[in-house]
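Below are two complexes that have subunit A in common, paired first with subunit B and then with subunit C.
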Partner chain A sequence: MSTELQKPKTTAGGGQKLPGRESADRKEATQGRWAYTLLAPSLVLLAIVIIYPVINAIVMSFQKDSGLDATTGFFSEGGPAGFDNYIHWLVQQCTAPGGGSVACPPGTLGAQFWDSMGTTFFFTLVTVAFETVLGFWMAIIMARAFRGRSLIRAAVLVPWAIPTAVTAKLWFFIFAFEGIANKLFGTQILWTGSEWPAKWAIIIADVWKTTPFMALLILAGLQLIPDEVYEAARVDGASTWQRFRLITLPLVRPALMVAILFRVLDALRMYDLPAIMTQGANGTTTLSILVVQQIRQGFNTAAALSTITFLVIFLVAFIFVRFLGANAVDAATSSGKAK
Partner chain B sequence: MTTATVSRTSATSTDRPKRPFNWGSFRTYISAAIILIWCLAPFYWMVVTAFRDVGFTFDTTPFFTHVTWDNFATVFDESLGNHFGKNLLNSLIVGVVTTVVALVVGVFAAYALARLNFRFKFVVLGFILGASMFPGVALVTPLFQLFTNIGWFGTYQALIIPNISFVLPLTVYTLTSFFREMPWELEEAARIDGCTQGQAFRKVILPLAAPATFTTAILAFIASWNEFLIASQLSNDSTKTVTVAIAYFAGSQPHQEPYTAVMAAGTVVTIPLVILVLIFQRKIVAGLTAGAVK
Partner chain C sequence: MKSKKLLLPAAIAGVLAMSLTACGGGGGGGGSASSGGGLSGDAANNLDGRGPITYVQGKDNSNVVRPLIDKWNAAHPNEKVTFKEQSDQADQQHDDLVQNFQAKNPNYDVMSVDVVWTAEFAAKGWLQPLKDKTSIPTDGMLDATIKSATYNGTLYAAPQSSDGGILYYRSDLVPTPPKTWDEMMSMCSIAKAHNIGCYAGQFQKYEGLTVNAAEAINSAGGKIVDDSGKAAVNTDQAKAGLNNLVQAYKDGNIPTEAITYQEEQGRQAFEDGKLLFLRNWPYVYNLAKTDGSSTVKDTFKMAPLPGKSGPGASSLGGHNVAMSVYSKNKATVSDFLKFITSEETQRFYATQGSLAPVLTKLYDDQALVAKLPYLPVLKTSIQNAVPRPVTPFYPAVTKAVQDNAYAALKGEKSVDTAISDMQKAIESAGAK
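Showing the complex of A and B:
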């Protein structure tokens, strides 16, 4: 390992030996070995708890679920399924009682794939949009110097600290038919009992819980902008809106993109709030809920769906990092390099 | 009318010695009050309801009325089929073990990532970040079958192992950013004084890193304490955690949601966290935002 590390560097030097070059290489090589020794326990543990289950899930997803065979009526042991489980979800084809495949009847889990995909992306888009705008506003307020600022900064941590399961129950109570929300607004809405109110109840609960996280990340970005920049802009006669658009926004962009990336990936795996508030009823079934419901009906079909969910989230993360410049890894390494 | 004249005059002559009224800071206070109410009102409502007599569940009086401890008694009452004390203990065990394992293992990785130059550092960091964003539901399916097969269903390790998958990356990531900001010159000094790199790490850096490690431990514990998806699928009656218990809390009437008792249970689970968070507010904010912006 160490020789491999050294070789390309010395040849890259073009035969010319720079003083101290070789010892620097050796230092990096020993550092490398030491670094991987320190990293090994974490990497091995993560491999066991993440990579092994993922590979397991991929293998499972290409197997048939054991159970009563619809065509023969006998118990079947499973066996290789090819891409059948994936096709089952993506084109919503179920096995027909007489053999062959038909469109999954409405109400079955198989028929809900694209709906729940749509629901997941709808929740993600709407909650992250609200959280970004609200979080930005909160961050701007928190960045100002005023008495009681630390009180606000402490207060925003309260929704963040409350377990999501408790948040779900709390908002379930607030949105109860006789609950405070209906009384406050003089409405008589069955919040968790009909489609759009249920969606909005979940969105509001999620926005309440996670906006503080967004606000704190944006605030940290805002605090990196030196005051002199604003001072200079003010001297040059820039208006408040111009200062925001031309200074704040571009300078806070890296932090903002990372915050949005974190929140998007988190929202795409949303489970707790809809699972507790509506049990996925009334068009609130997210991909995660669909996977959990499918587990009880067949591991292998569920494994295919969880693999699809994983790939969707991976793809979104890739698009963010590649095309929108949300480079969390870069943000994490750059400060180390700067020193 | 007066506001219009005030703003016009202040716009023309910016260096006036005395301003009649500072609208800017007035607006800041209004905004701050809105944030305060938005963040605290639902939490306050939970606590108020937790102390309210069941008969007045839907009372809208905004302060403590019909105060009673009954709901807390209901929460810990085992006759309804709830075992809230046991659930609290389960959450504590899973949370503490997960945190300790993640810290013990993660502290070395964080040191390497923060301090050492090595090949593929970028890849390793990317992998760890990716792991922290990994969807829990992709683990539940294979682990559900695996744990059923090897008879681990309803054991603590069946909850701790998947929890490590998201607590360990979080730990490594947070610690790495904390470690970058430590006075590492002291390590250099120790090495000049004759310590090996390992000794310098043990004798100088570890004591220095204790506050950062403690903050990371709080974040890790909260993450594990709040976990719901994995616990709801991979626990049984003997290992059920508090979040799962609250979600499926059984009331005395079969078709009536025991709102006040659930709010009391929520208060029991949340108050320690809120106190912890308020005490270590500064550190926690630093830990939460560490790494994301630099």
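Showing the complex of A and C:
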């Protein structure tokens, strides 16, 4: 579907046969030049704010962090490191006091790499799963016509409108030992003081905050489905479940995949919620938290870690776009033209 | 067409992933080049320079800095000080300073530096050693504050304000405060009889846990790093110290929920009458006396932290003021440092901002004690205080202490393993 819709766009200019072949060529050339001129500012901007930092981070990741010179007591430049910084993270090896390397002892950042990788993916899978199901449900409710619909739509947006740091502080107080959560349920759970409660506290906070985002994107997809399709199905005697499974799901799929893609990428770099609610304690250290903590101990090792994080997210995004058909651009153009 | 079809998804994935992670890669280059033993490089320049300077400090919550600077500016019309106010988050202040040092910004002349950052900045070669032309008088200052500003035997900053831990106790339930840890533990039966928690400090996994673990270890005669900054925590004394905390948590003398406590939660519990003893900073005094919700207004008193056989070793808080090696007007900065550490300014800090002075004699000043009744207790606390590990690898050291002390408290590993892991993790930090 998307390819057909794209075709006229990519062949525009060449497709139109004008009386004089030359003028058409010239027009195409001028248009091309114009296009580049108009694109240039945004390309330059992208180069400055995205490409330069990424390349700089990659260059830095191949440098050693500055080390303490025992004789002067001052730090001195580390020099080239090769792949040492990457190896440090991937196999969790730290420099031994006498030279050589040992397994990073507990209490170092290096010892936490694979744990935090696992934590990050765990959070991503669980939160996005919850958000998709709940978001779908909310979207279906919001798509109906009923009194007070705009009120519901506005109300649903509130959690998304609150800055994440504020949300985190909010839930921090809710999950405090003397907080509302324990008072309400009459429990004595150390929400931020033990492993699984801490993880669930963060999942609950994240789901609360980002489900509205999911719901809105899905709602946008739902509203593109023409009513006639449902009417026809009803005339043919399709049940509610059949209508949902055979019409709603396939037609909303492009929008749904884009929403999931955005949420997955977002969740993979989760930082604020665990940083504020638990400071990464009790198995809630995500990759981003690890990067920020490492920045204070040495930029170059941190650059290696953020490059690894970048590659991981790149891979996930690639898999989504390539194999699961989540295509942000195609979906946008097709939804623009579907009407 | 086909190749385009293949490239497009990859390109989209790439741009998305990049824009999402690019912010992680920022930051500048590594540390600056080393300089030799004497004054060399930037540290040797502009020693006689005079002119306007900029003072950098975190958010001035109690409005102390501006009146001080107005006073200085009135007296020094040609060497005016401009105030650059940072955020109120310590981490952000640290990162802001690091960025400006790396950029060799000459407009960051003099800055307030947390005691635990001093060694790191000094080792990076960013701080002007306070000797010869730029020296300041340090007589009359509390020893621990000078130690916190000293790296490799050289003073790198002027002590600005201090802070130490205090034991708050319920004077209606405990007539005489405990002098030692064991004595305090034996009083926990009183707490049980009244159905309240016995002791709490700051045990959540954050900087506060380093403070509390270091106090336990230092009070028992152990240390975390030795004078040369090398890991020295793997000793029986350190194990005994950490074990005091671990045992108390296991016995219930430290209530279970205390593992989620930072300063504020502990204060709340104490003000609600739910704690017999609380280790906290002096700021709690005024709040516990005046908070409408405080139930212990007239029933609490203060004592020095309990130690092994006498007062315990508090961790030291507070700030130092340092001079940047990149400053163009070091002679002016030097005068400004003397102004900050003068008795008059220190008195102003105490009365206006409730900041603990660094000059010993102010702790016995009757007028000040009348205003800040915790000063005599705080004096004992700071006189016995041990600075948190003075090491250029402080972020790694505090992480090593927090992670392992936390695991020991929660019973995830034995005290022996925790201390030996702590030792290894600190060693690995310095080995890079």
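We take it that the second predicted complex is superposed on the first by the 298 of 339 C-alpha atoms of A that agree within 3 Å, B and C clash if a C-alpha of one lies under 4 Å from a C-alpha of the other, contacts with A are read in each partner's own complex, and residues count from 1 in each chain.
Rule of thumb we're sticking to: a contact is a pair of C-beta atoms (placed from the backbone, for glycine too) under 8 Å apart; a residue touches a chain by one contact, two chains touch by 3 or more.
The model shown is predicted, which means the values in this text are computed figures rather than measured ones.
S.K.: In the superposed model built on subunit A, check whether subunit B and subunit C fit or clash.
M.R.: clash
S.K.: Classify the contacts of A:W171 with the two partner chains as first (subunit B alone), second (subunit C alone), both, or neither.
M.R.: First partner only.
S.K.: Counting only touches as set out at the top, which of subunit B and subunit C does A:Q279 meet: first, second, both, neither?
M.R.: second
S.K.: In the superposed arrangement, which partner chain does A:A154 touch: subunit B (first), subunit C (second), both, or neither?
M.R.: first
S.K.: More residues of subunit A are touched by which partner: subunit B or subunit C?
M.R.: The larger set of subunit A residues in touch belongs to B.
S.K.: Identify the partner contact of A:V91: answer first if only subunit B is touched, second if only subunit C is, both if each is, neither if none is.
M.R.: neither
S.K.: According to the stated criteria, A:A232 is in contact with first (subunit B), second (subunit C), both, or neither; which is it?
M.R.: neither
S.K.: After the superposition on A, what does A:L324 contact: first (subunit B), second (subunit C), both or neither?
M.R.: neither
S.K.: Kindly classify A:Q63 by the partners it touches after superposition: subunit B alone (first), subunit C alone (second), both, or neither?
M.R.: second
S.K.: Looking at the overlay, what does A:L125 touch: subunit B (first), subunit C (second), both, or neither?
M.R.: Neither subunit B nor subunit C is touched by A:L125.
S.K.: Could you say whether A:L109 touches subunit B, subunit C, both of them, or neither, answering first, second, both or neither?
M.R.: In the superposition, A:L109 contacts subunit C only.
S.K.: Tell me which of 45-53, 63-71, 99-107 or 135-143 in subunit B produces the clash with subunit C after alignment on chain A.
M.R.: Residues of subunit B that run into subunit C: 135-143.
S.K.: I'd like to check the shared interface: which positions of subunit A are touched by both subunit B and subunit C across the two complexes?
M.R.: Common interface on subunit A, subunit B vs subunit C: 49-50, 53-54, 56-57, 60, 176, 178, 265-266, 268-269, 288, 291, 295, 299, 302-303, 306-307, 309-310, 313, 317, 328-329.
S.K.: Could you pull out which subunit A residues touch subunit B in their complex?
M.R.: 5, 28, 31-32, 34-36, 38-39, 41-43, 45-46, 48-50, 53-54, 56-57, 60, 137-138, 141-142, 144, 146, 148-166, 168-174, 176, 178-180, 183-184, 208, 212-213, 216-217, 219-221, 224, 254-255, 258-259, 262, 265-266, 268-269, 271-272, 275-276, 287-288, 291-292, 295, 299, 302-303, 306-307, 309-310, 313, 317, 328-329, 331-336, 339
S.K.: Flag every residue of subunit C that touches subunit A in the complex, lowest number first.
M.R.: By the definition above, subunit C touches subunit A via 1, 4-5, 8-10, 12-37, 91, 94-95, 123-125, 151-152, 204-206, 256-257, 259-260, 265, 268-269, 392-393, 395-396, 399-404, 406-407, 410, 413, 421-422, 424-425, 427-432.
S.K.: Write out the stretch or stretches of subunit B touching subunit A in their complex.
M.R.: That would be residues 25, 28-29, 31-32, 35-36, 38-40, 42-43, 45-46, 49, 57-58, 60, 101, 105-106, 108-109, 111-114, 116-119, 121-122, 124-131, 133-146, 161-162, 164-165, 168-169, 172-173, 176-177, 180, 197, 222, 225-226, 228-229, 232-233, 242-244, 246-247, 257, 259, 262-263, 266, 269-270, 273-274, 276-278, 281, 284-285, 288-289, 291-294 of subunit B.
S.K.: Any idea which subunit A residues touch subunit C in the complex?
M.R.: 3, 10, 49-51, 53-54, 56-58, 60, 63-69, 72-78, 94-97, 99, 102, 104-110, 176-178, 188, 190-194, 261, 265-266, 268-269, 278-282, 288, 291, 293, 295-300, 302-303, 306-307, 309-310, 313-314, 316-318, 320-322, 327-329
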